[in-house]
Amino acid sequence: MVEPDRLIRLAHTRPTLTQHPPVRIADLYLQRGGQYILRDITANLGLSDVTAIMGPNGAGKTQLLRLIAGLGQPDSGTIKFAWPDAPEKHRIALVFQRPVLLRRSALANLTHALAQYGVTRTRRTARAMELLDFGGLTDRANIPARALSGGEQQRLTLVRALGAAPDLLLLDEPTSNLDPRSTAAIEALIQRATAQGVRVILVTHDIGQARRLAKDILFLQDGQVAEHSPAPQFFDTPTSAQAAAYLRGELYL
Amino acid sequence: MQDFTAAFRAALDLVFRMDADLMEIVGLSLLVSGAAVTLACVIGFPLGAALGAGRFAGRMPLLVLVNAAMGLPPVVVGLTLYLLLSRAGPLGPLDLLYTPTAMILAQTVLVTPIVAAITAQIVADLSEEYRDLFATMGMRRTAQAATLMWDGRFALTTAVLAGAGRALAEVGAVVIVGGNIDHVTRVMTTAIALETSRGALELALGLGLILLTLSLGINAALMGVRAAARRLSDG
Amino acid sequence: MIRLALLLTLTAAPVFAQDHILIQSTTSTQNSGLYDHLLPLFQAETGIEPRVVAVGTGQAIRNATNCDGDVLLVHSRAAEDAFVSAGYGTQRHDVMFNDFIIIGPETITADSPAAALTSIAQAELPFLSRGDDSGTHSREMALWNTADIDPTGASGGWYRETGAGMGATLNIAAGMGAYTLTDRATWLTFANPADLVISYEGHADLNNQYGVIAVSPQHCPSVNAIGAQTFVDWITGTSGQQAIAAYRLNGAPLFTPNAAE
């Protein structure tokens, strides 16, 4: 679907980051329904180009991602952003675990998003067609977005997020519905985006995918950070019993 | 049974003769109710959007008020408007009493809460679904409202139809502010009331049948347009 | 929006032209079809378009008091005189008369309408009252007063107040086989009599006089005083009086003109 070299036009070109963590989370607590579903989360994210957040169902991955995206406030603790070139300026795009699409065609969903991102009217359609092409959806342009297959919908929401030209891209299980070919294409897309300096935080249950893409892994269980390690170390010699059990396919209680 | 046969015959007779008085009455009904529904949409759509998706103080009480106003008795609306528009009332100098304009105003008051309340419900449901998306896109409230209204456009025809139904069917308000003056303010419903009071029940029922047919036609046409538009557009 | 603006101007336009008059009148005169006969003649002779709002006499007088009418044509002498003496109207003129009748499921033999009502009350036969402050209603109350009976104590029992117009009340009477007081014109033109008959008629107490009053321009500067006076002069003059006499249903006159020369 995607020709890799075309992705270059998707993202901003900006200096690569090394020392400054772009996302700093400190002492984060979040309560829902009388229970803490996130507890004492402290982590520096975005130091590498792709950070994977892993953990069993209900661990709190989606909730953490939402807080980073600014959807809702934590009960306590802070999330701070800093980009070296423009510390307070950052653009975050979030791709939801469950696609949210307008009741319009695939193309109209993209032109609508581009309008919100300030793309001028004359350039919107051409830009949207490019994005559709990146997502392998060119022949789906005029089909109602909500009639697309689950995988097509996921691809559409991903290219819509890329349309924002984000500094930080938050992906909540972006390939959970995709066939192997599309998964490979999405991964290529992510890698091309990171090559242009986009930082990606990726929630995934796909261990292979995390191995292929992520440089560091944040492992959550029961709303707490059980482990935050560089990827090779995490997969080969996990330090936490929870991560070890998860990787063996067992449930750690 | 005999009554209904006679009513049916009276209706057919009127229609096939293209009775000039009937055409005038039907025309005025459509004009008055059409204008009232148009005005009600001009007011009710933005109001409903604000109530459905807005975040402002007094939203809940206002929503309760608008919902309650759906059940406003037409006679009360007619009477209130009469007191305002009467020569002795504050708006008397406008000289609007016993004109179609007064009838349009009365029906606008009756229909606006219906359009607004249904719009609010449709927009609130959609807004619930789109809220997080809008937040990640950093959209302004007005842009959100525009998106919600556009995406709800097929559902919103229900609001228009409900409003049109109320406008076409009500008699209590227009008879007071219009006066049921022959050739000036006589519409279908006031003509039905008049024929009933003359004991001409078949003719009254015949007019009722024509009104019903008209109402069915408008509904069918709008639903047809909606279905066609949905098929042609993006769903 | 353009269509709407156009409509607003169209409907507002005739108001300033003052080529029409608004007559506040009673349902009985409208339901009898008299206006359909009379008003085209008036318009042809004078060029003024008459517009009729037909409501109960009480409401017609209230509307005229609010200046929402140029002419009053009703049938409740006491209320008419009060309207004029309060300064709301210029002068009251007799126009025409017919008579009230009691209709019901059976005929009643009695010396007077009050006696007929007494027999209805004593037998507790169902009786419908307009109960709406109309000319017919005030006449009915006057007849009960003559009979020295206060029927309102039985309201909800054999005595029922419909709170509706004459036609609606007749429809109810036809539906439940009740007695009621009505003017003869409305009864003769009423198309749904069912099994009802004229129970009692023909007594001086049942005389039904109609009067016409031009609304006073001193009280209501907005009225079309010239148009109103033209109408009063016409309907009490030769043309109007002859037209009233000529209006017949199945050969029988519905109203008798009696304007003073």
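Per-chain numbering from 1; labels A, B and C assigned in written order.
Here is the rule we use: a residue touches a chain if its C-beta (ideal position, glycine included) is under 8 Å from a C-beta of that chain, and two chains touch if they have at least 3 such contacts.
Computed from a prediction, not measured in an experiment: that's the story for all the values here.
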Exercise for the section: Name the chain with the Cα centroid closest to the overall protein Cα centroid. Expected result: B
Problem - Pair of chains joined by the greatest number of C-beta pairs in contact - result: B-C
Practice task
Compare the CA centroid of chain A with every other chain's and tell me the farthest one.
Solution key: C
Practice task
With chain centres taken as the means of their Cα atoms, state the distance from chain B to chain C in Å.
Solution key: 33
Practice task
Could you give the separation in Å between the centres of chain A and chain C, each centre being the mean of its C-alpha atoms?
Solution key: 81
Handout entry: Rounded Å distance, chain A centre to chain B centre (Cα mean)
Key = 48
Problem - Residues on chain A engaged by chain B in the complex (per definition of touch) - result: 66, 69-71, 92-94, 96, 100, 102-105, 108, 112-113, 116-117, 142, 144-147, 164
Practice task
Spell out the part of chain B that touches chain A in their complex, as residue ranges.
Solution key: 129-130, 132-133, 135-139, 143, 147, 150-151, 234-235
Problem - Complex interface listing, chain B residues touching chain C - result: 31, 35, 38-39, 86-89, 92-93, 95-101, 104, 179-182, 184, 194, 196-201
Completion exercise
The chain C residues in contact with chain B across the complex are 1, 3-4, 7-8, 11-12, 15-16, 22, 27, 30-31, 36, 51-54, 63, 65-68, 165-168, 170-171, 174, 189-193, 220, 222
